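Next up, some structures in structure tokens.
The following pair of complexes shares a single chain, chain A, combined with chain B in the former and chain C in the latter.
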Partner chain A sequence: MVLFRYIMRRMVLAIATIFTLATLTFFLTRIAPGDPFTKTKEIPAETMANLRAKYGLDQHIMVQYGIQMKQIFFHFDFGTSFRTIGRDVNTIIEEQFPVSAKLGVFAVALGTIIGMGLGIIAALYRNSVIDRFAMLLCVLGLALPGFLFSYLFQYFIAVVPVTQFNMNPDTWVPAVGWGTWKHYLLPGISLSLGVVATITRMTRSQMVDVQFSDYVKTAKAKGVSTARLVVVHELRNAILPILTILGPLLVGTMMGALITENIFGIPGLGRVILNAVVNSDYNVIMGVTIFEGAFLVLIILATDILYGIIDPRIRVSA
Partner chain B sequence: MKSLTPEMFEPKLASLDEAEKISRPILTYFQDAAVRFLRNKVGVFCLGFLTVITLVGIVGPLFFPQMGEDMAYENAINTDFQNQRPSLGDYLLVTDDSWSPPDALIKPNFNTAAGLLAPEKVFAPQNFKIASAATVNGVTLQWEPLEGVTGYEIFRIAGKKESLDLESFRTSPGSVGMTLGKIEDPAQYTFTDSSGLDPSEHYAYAIVSYVTYPDSGETTFSTTASVLNTALVKTIKISDAKHLKANAETGDTIRGRAFLFGTDSLGRDIFARMVMGTRVNFSLALIVPSICLLLGLIYGAISGLSGGKVDLIMMRVIEVLDTLPYLLLMIIMQLVMGKGVLSLIIAMCAFGWTGFARVIRGEVLRLREIEFVHASRLLGAPLSRLIFKQIAPNLIGLILVVWSSRLPGVIVSEAFLSLLGLGLEAPAASWGMVLNEAAQQFQSHPVQFLLPASVMATALLAFFLLGDALTDTLDPKLRGRD
Partner chain C sequence: MRSGILIKSMLTGAFILSSLSQAAGAGLSQEQRKKAGEIYLNMGDEPPSMDPTKQADSLSGMWLGHLYEGLMTPDKSGKKYIPGTAESMHVSADNKTYTFKIRKNAKWHDGKPVTAQDFEYAFRRLVDPKFASEYSFIAVTAQIVGAEEIIQGKKPLTELGARALDTHTFEVKLKNAVPFFPSLMAFSVFFPVRKDIVEKFGDKFATNSDSIIGNGPFKLTKWVHEASMRAEKSSTYWNAGDVKINAIEAPVLLKDPGAAYSQFATGGLDMTGLDRDRLKIAQQDKRSIGNYQDGSVFWLEMNQRKSALFSNIKMRQALRFALNRSELVNKVLAVPGTKPAFGLVPEYMPGGKPGSTFRKESSIKWKDNDSTTAKKFISEYLAETKQTKVPAFTILGDDGTNGKMQAEYLQSFLKKVFDTEIKIDLVPFKTRLQRMRDGQFDIVWAGWGPDYLDSMTFMDLFMSNNENNHGEFKDAKFDKMIVAAQQEADAAKRIQLLVAAEKYLIDEQSAVVPYYQRARAYVSSEGLQGFLRLQVGADPNFRYASWKK
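Right after this comes the complex of A and B.
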């Protein structure tokens, strides 16, 4: 019963969040200077009136708001792009989202594996060279933005070997594009550095905390092997908080990949947003924002509920 | 081992005064924090580094040459200096604003009546030299005209100084170099080359003379050429030179501007733009977290002090705001408000304060149960007094920690928005704007991106490590651990 109430409360909050987001983006885009048609070439007044009527821009703003909210929440319809005639935002998201999602999942998966490995080793050999190296990597990954790494990797790993050292551009890592597994490497690694830093730091501090707990001492006293101690006794308890940040980390990485996608010419949501920004295509921006926001909210909701089921302490305190 | 003596076992005289004596100087909270901070070498170094950057940002622009007509120096476009490599300032020859090649000179009293030379007697002109300075505008060559030839032909090769093969150029100039011109007047003794000169190359010129026999129509060239090689002198127009040195005159050599980071595609000094950008970025980095802090302080304190339903609702609002995709909302807000420093501040502050509010509420909940706050409330102090007189001073350590951890994020956000084309209005300079402009031609001119990027990266690292150091010194949770 407590669990049910907890889940209900989280869901109400999630819906409220998405609603707030939709309202916020709606009114923000409506108070933007000019409307989407003023940035194109001169349009005759009559055509303009027709266009505005077609997209419902001539109605009272609250009516527009009501229609839009109804469309979004009951039909999951974000409307049509103002720029690319006949393209509706849903199709754009359906086509481009999987690309961003794949890249994001790749980066987070890579970062998590490396980060956990590095964190465990750093915790086992505290103050060793490896620990120092891991901490250096953490500082770099946390302090510097992913797009900086993207620019550097693209130039020094993809471009320089081909132009300076005569690498074969067909077999070497490509500098731009999307399609084969090689295209994942550079953008994926540059995005994963932030994930590596976050996960390494967390794993290390969790592992260090767990190392001093009584049950680990007991296990050690009973003569459990180091490998078994780390995997069965320590890692299992240290891993829980890490699992909870993976969801938000994934969404954060995907949204932060905006510029990285642009640098490597990846046809994901980042490029959609960039084009929409250049063209003031408010419907697209609004659609993508609400979509990504809802995605984030749902992932956090799922994490919270799962965590509530796994760890009874959470649902009592929340 | 120290030998034991009976005196060592004498009991010490118990003195209350001695036991209660405060042997060290009394330190206030901040003196204590300062002592702890100074022990942290990384933190001190980072603080020093950031102070230097800040000073450069404040003082640096005063040393830039002044530009007239409301044109800021760092925005001044100079088409003569596009995409220059970093340099400490080349020596520049002052030239007129409009340069045109000098007329070819003809030797007076030249004996045109002399008979043509026999084929085996044709040799290259002597005294082949540069007439005046070899500049990027043009190289004027000069030689001793020969009697008895029909004319001269001039060749050129270009490249790095070491790679120029002057010997083979001398023996077969026609096949090694490119033909610059054929001079059909034997009395002419100067020639100006002004085609596509590149100041980073070294040039070698060769001249041969030839004789065309009118009866047979055959032409004989001298078997070898006279060769010279030269580097080019960079030039500056007199009107530009006046900005550097007021009394500059045509023909002077003056030291050009130092382009420490090179110049961009519009010929603007990237270092100057970075220095001016420091003002924008560091102002943002100081202002944005401060505004967020103020909002968070008010919100968190009200929420924490009110308690009950108000607290619950206010915390739910924060939970909602925290889950919003703030990067995308920041983009939308920038679109709505247009480019500029003010809209950057608003866009970054709009969703940045919730973290502060959370932290401060938590601390307020702890502090409000402390006796002196109870006492103040009992004496009828209004909420504002409770917040600013009782709660805030006790929050300062924590506030400073959270505040300092926000500084690098602001710089990253500014760069992020600028790289999307949503930062400042061009041509204003900020670090993000410089990076954005350099990123357009990263592949062809990587230096323009790498140098500003490393400045930004270093500053970000310094901010990050400084934040860590402050956490170590100020965070009450960590006090007493070491």
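Right after this comes the complex of A and C.
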């Protein structure tokens, strides 16, 4: 019963969050100067009136708000794009989101594996050269934006070998594009660096904490081998906090990929949202923002619920 | 046992990876493309509208110009228009009635014949207020009988003076003679449209390759949204034997000029545009670089609303004389082919006499970078308004490509001449447009790309009631001059009127300060020839292109 009430409460909060997000997004897009039909070439007044009537933009803003909220929350329909005429926002998300998701999952998986490895090594050899090096990498990974690496990788890994060293462009890592596994490499690695930085630091500090706990001391005293100690005793406990940040980290990486997507010509949601913002494409801005927001809220909700099930203390305090 | 599972899953992983790479191949190499007669180019972005009657941007215009063909079409030089889907064009003695005979062998991509009814349907769709095409005004510019009233909802669609007389005869009646009318018939909003296809797909018409049926030399065979597009030569095109290219493909849509150049340099593209930085790299790389005037003219628009600083003509004249256009063109913009502008109308616009140009018939000319004259006007302004110093003013710009650099250059330049504080207001693109609309600016760097091949596309911008006249220059004399030109039937006389109107607008009123005519640079693969770079219509155009054998 306590668990049920806890879950219900979290879900109501989640829906309220999404609703607030939708409302804020709606009014912020309308407050911003210009509308979808504000273009370099002004549209003649009569045509403008016809266009605004056609898309319902001539109605009072509260009426527009009511209609859109009803469409979104009762019919899960975000309407059609103003820029790419005739394309439904739902279709755009359906077609473009998987691309961003695949790239995001790849980058986060890669970053997590490398980050955990580095973190463990850094913790085991604390204050050694390796540790210092790993921490330097972390600082760089967090301080420098991912798209900077995208540009560097694209030029030095994809372009230079072909133009300077006669590598065959058909078999070498492609500079841009999407479709084959090779296309994941450069954007995936450049996006993973931020993940590596976060995961390495977390793994290292968790491992260091665990190393001084009583059960590890006991295990050591019992003569457990180092490998078994690290994998079974230490990592198992250190890994939990890392698992909880993976969800938000995935969403963050996906959303933060917009410039990287542009650089590599990847047909994900990143370029869609960039175009939508520049062109005041109201419905696309709404759709993508709410979708990504809801995705994040759901992941956090799932994490919370799982935590609630695992750890009864959280249920009570919430 | 455990290691067995590990090996199995690794094998499965490897299999999935390899099948992925087969599913979407990397495309053809440059050598293979030459052999197959294919062209890969960077189109930058997803085309906003592939519905010809709705098209309002150059990206969609490029594709549509290959997928469809209008009554008229550009010739091999790109400078003249010849019958396309029409086999002949007959003009009445008063130049107000055009009769087109549609080719008997003109076919849609699904094999059905192109009829006069397809044109009638498209023309009516353009002016339909419910359809609300952004370019419906072009039917008014073309002076098609009834167009204006229909757009305003005052007359039914059937009143439009564009009719199918029979299956192969299409007639257009005009209110006044419009000398450039034939060139308009090559513009995408006047392309034929299939009623049955529009009705079959409804709102989803022209949103994917299945819902696009054209009548042009190429047909759309692939459209992966936000990713890639491909058009292949159509065997149903009436002149398919003359088309040398078998496919035009945008294998990836790259907005970033650096990424596009990388793709070009690694052999993945046959053509892509160059920005200022990439132009330098391409020159170092010894690429085959081309440039062309893209048609746009840039100018400084000044706010001339009451009590605005530049509502004073002396200030406007000072600005016109002050500018150093050759420095801007050669040092700041630095794209070969870009030229200083001393008029509103660019140099490629035709004149009134055959073979002549508008600019040749105009006598406007003043000394570039003439700070002496500029300062003379400034001191006159100061004396007139009893001030000792020019009030501070603001340059409005946007934060897009080069926006900051250009605004800063202009700021430091004008500071020397006007000797006052000059601020820069860099805002997002739409904010800039909204501020121009609301008159919240002193000077804004603006420009215009032509909609059709006639000087009128520039000249009517500064009429009192034109929505694009953001500075609100309102002058009854100028309005009258333009209306007179719109009603003039004689082509040579008409241009004379426009030349006089431009002289009045620029020389006497300094209503707008011309700055430069833009050129763009691009790289193309060795051996790609015969393509057109055009100021109006589909650009680039590959209808006549081929690979050198």
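In the analysis below, the second predicted complex is superposed on the first by the 309 of 318 C-alpha atoms of A that agree within 3 Å, B and C clash if a C-alpha of one lies under 4 Å from a C-alpha of the other, contacts with A are read in each partner's own complex, and residues count from 1 in each chain.
Going forward, contacts are C-beta pairs under 8 Å (C-beta built on N, C-alpha and C of every residue); 3 or more make two chains touch, one makes a residue touch a chain.
Keep in mind it's a predicted model, so treat the numbers as computed, not measured.
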item: Chain A as common anchor, with chain B and chain C clashing or fitting; value: clash
item: Touched partner set for A:267, first chain B, second chain C, both or neither; value: second
item: Which of chain B and chain C A:278 touches, first, second, both or neither; value: both
item: Which of chain B and chain C A:174 touches, first, second, both or neither; value: second
item: Partner chain in contact with A:80 - chain B first, chain C second, else both or neither; value: second
item: Chain B versus chain C as contact partner of A:92, first or second or both or neither; value: second
item: Partner chain(s) touched by A:288 [first = chain B, second = chain C, both, neither]; value: first
item: Partner chain in contact with A:155 - chain B first, chain C second, else both or neither; value: both
item: Residue contacts on chain A - larger count, chain B or chain C; value: C
item: Contacts of A:182 with chain B and chain C, given as first, second, both or neither; value: second
item: Touched partner set for A:296, first chain B, second chain C, both or neither; value: first
item: Listed stretches 240-248, 420-428 or 456-464 of chain B, narrowed to the one that overlaps chain C; value: 420-428
item: Touching both chain C and chain B, counted on chain A across the two superposed complexes; value: 32-33, 151, 154-155, 159, 263, 278, 280
item: Sites on chain A touched by chain C in the complex; value: 32-34, 37-47, 50-51, 53-54, 80, 83-87, 92, 95-96, 151, 154-155, 158-159, 162-163, 169-170, 172, 174-182, 262-265, 267-268, 271-272, 275, 278-280
item: Of chain B, residues touching chain A in the complex; value: 316, 319-321, 323-325, 327-329, 331-333, 335-336, 338, 408, 412, 415-416, 419-422, 439, 442-443, 446, 449, 453, 456-457, 460-461, 463-465
item: Of chain A, residues touching chain B in the complex; value: 13-14, 16-17, 20-21, 24-25, 28-29, 31-33, 139-140, 142-145, 147-148, 151-152, 154-155, 159, 251, 255-256, 258-259, 263, 273-274, 277-278, 280, 285-286, 288-289, 292-293, 296-297, 300
item: In the complex with chain A, residue positions of chain C that touch it; value: 17, 20-21, 23-26, 29, 45-49, 51, 54, 56, 129-130, 132-134, 136-137, 151-152, 203-207, 224-227, 251-256, 258-260, 262-263, 265-268, 285, 427-431, 433-435, 437, 448, 467-468
